[in-house]
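Think of it as A, B, C and D in the order they're written, each chain with its own count starting at 1.
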Amino acid sequence: MPRENTKVVPSASRAAENRPARQRFECAMPLRWSDQDVNGHINNARIVTLMEEARILWLNQTAAAEGLDSFRCPKVVASLNVEYFRPVSYGRELIMLLDVSRVGSGSFTVRYAAFQSDAPVFSGSTVLVPLDAASNAPRKLSAAENAYLLPYLAAEAS
Amino acid sequence: MPRENTKVVPSASRAAENRPARQRFECAMPLRWSDQDVNGHINNARIVTLMEEARILWLNQTAAAEGLDSFRCPKVVASLNVEYFRPVSYGRELIMLLDVSRVGSGSFTVRYAAFQSDAPVFSGSTVLVPLDAASNAPRKLSAAENAYLLPYLAAEAS
Amino acid sequence: MPRENTKVVPSASRAAENRPARQRFECAMPLRWSDQDVNGHINNARIVTLMEEARILWLNQTAAAEGLDSFRCPKVVASLNVEYFRPVSYGRELIMLLDVSRVGSGSFTVRYAAFQSDAPVFSGSTVLVPLDAASNAPRKLSAAENAYLLPYLAAEAS
Amino acid sequence: MPRENTKVVPSASRAAENRPARQRFECAMPLRWSDQDVNGHINNARIVTLMEEARILWLNQTAAAEGLDSFRCPKVVASLNVEYFRPVSYGRELIMLLDVSRVGSGSFTVRYAAFQSDAPVFSGSTVLVPLDAASNAPRKLSAAENAYLLPYLAAEAS
């Protein structure tokens, strides 16, 4: 965050203006009664299914509707992290926000933040490796995929 | 692994002899055809369910059979990490090994390692917070629980 | 179905006019990518979960919003029947219509009809036995519950 | 069960001797903690998954090990029926017995009976339609498939 006496370099300023505003994919994720476990809250493993569903709504459906359908290829989840803050309750709207924290040559990291009644309930990340549809082998991200993900790249330090 | 010319310090050697052998809870985890997703492998979120089931077989059933039933209390999963190495296939035995990497005053961390045909397929960890059965509030680990977990504590550096 | 020479008794006619139009609970049921099995369609057992979710949206949520919350008690499923007509596909809207085919003193039968792209995909029924919340024993339907279900009672023969 | 004074008709006796002993596929089905719903019992929809798993253990694995692997083809579930007798509890062994009640030219009906502590907990049936692996169209049962199923055909009336 620029402090009062920060001297912004003009060209950088212009670049920031030209860069599309930082985006996040947002969805209200429907819960099911059966997502609850015997303890009466949405089960911690089922939350990983909700993360998967939000990611698919974004990359397999929304991106495809926006003209990029190559993310519909199979994608391997290479790594998963979830921090659980509060119990998730059935019967209350669950809002999920997704963006990316890293775009590599052959993988990228999707970040998830979830809220009920405006309170954060969990956050997490998954490292995804897209596969070549024919060979099922890991492949590089295309230029179009890179361009699609860029506006969603969280720039923590800026 | 001690090399031929390793000189073992006697006192350390004796301490190691006195310390209970390092234990791991081991189980063969039954898979279900429906654990597979449309890509033909065990789904990454379902793997979290398998971790949950192995943990419950250990702490809610085996520990109880060994005389410690206080772990049957509800336990919150505060944090989850999984590294996926290879696809997990239905129809092949899945061996899981569990131990602990940390025992705190009010939480502990269970580690998981899973193998098919002797090859590692995934590993992970969960931070668990036991709750008081009456108040549902986080509680401290009891002395009996600490004593139970100690032999399972991985001592990487020793 | 009245035949040509049927003479409709005026009072009966008036009763039919006064009777609330036959109702069905309708919802669009969100599907999840993970509802698919390895054969690429929504799994047949998962369809039973969708029936459960539609029933809960109706009896535990909609009925409660309309002032009747006694159906939120635990309910045992005593019997289940499903006829599968066509594969259910992820990515297409699934419309479900629910009504009742029988209201007994201590149980009732919910019927389900489901459609994708206007084509029937499955239908089914479940016999439900409401339990007393305190004793967990089967209980009789209350007068309010009977009155709530009556407009949803399919009158095939009338 | 023949009582002491039962007089067995010789010809019937001989027919029974020649007929292969009536078989049932039996398995102990592992349950998972997460199969329980918020009411504390194995969920009624999950029981359909257990029926599916038992059927696959029989027809896709046991039959294949016995030399008949054509049942590994995709099979459509055309119809499902379940009668729930008692709650199924996690932590107690669930025994399932499967046989067939009907073998048609292009479909057959598998029957399921399940027990905990020797008490029947649910029973059910599924109509299965095998598909041609190449065309994905319904196909006729082969002579080998008919021969495999015959000893499992329940002969209620005999």
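FYI, a contact is a pair of C-beta atoms (placed from the backbone, for glycine too) under 8 Å apart; a residue touches a chain by one contact, two chains touch by 3 or more.
From a predicted model like this one, the values you see are computed outputs, not experimental measurements.
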Both-way neighbours, i.e. chains that touch subunit C and touch subunit B: A, D
Chain separated most widely from subunit D, comparing mean CA positions: A
Intercentroid distance (Cα basis), subunit C paired with subunit A, Å: 37
Whole-Å separation of chain centres (CA-atom averages), subunit A against subunit D: 44
Intercentroid distance (Cα basis), subunit B paired with subunit A, Å: 29
Multi-partner residues of subunit A (each touching 2 or more other chains): 33-34, 43, 45, 49, 52
Subunit C-touching residues of subunit A, taken from the complex the two chains share: 30, 32-34, 49, 52-53, 56, 60-61, 91
Residue numbers on subunit A that touch subunit B, as the complex places them: 39, 43-46, 48-49, 51-52, 74, 76-84, 124
Subunit D-touching residues of subunit A, taken from the complex the two chains share: 33-34, 36-38, 40, 43, 45
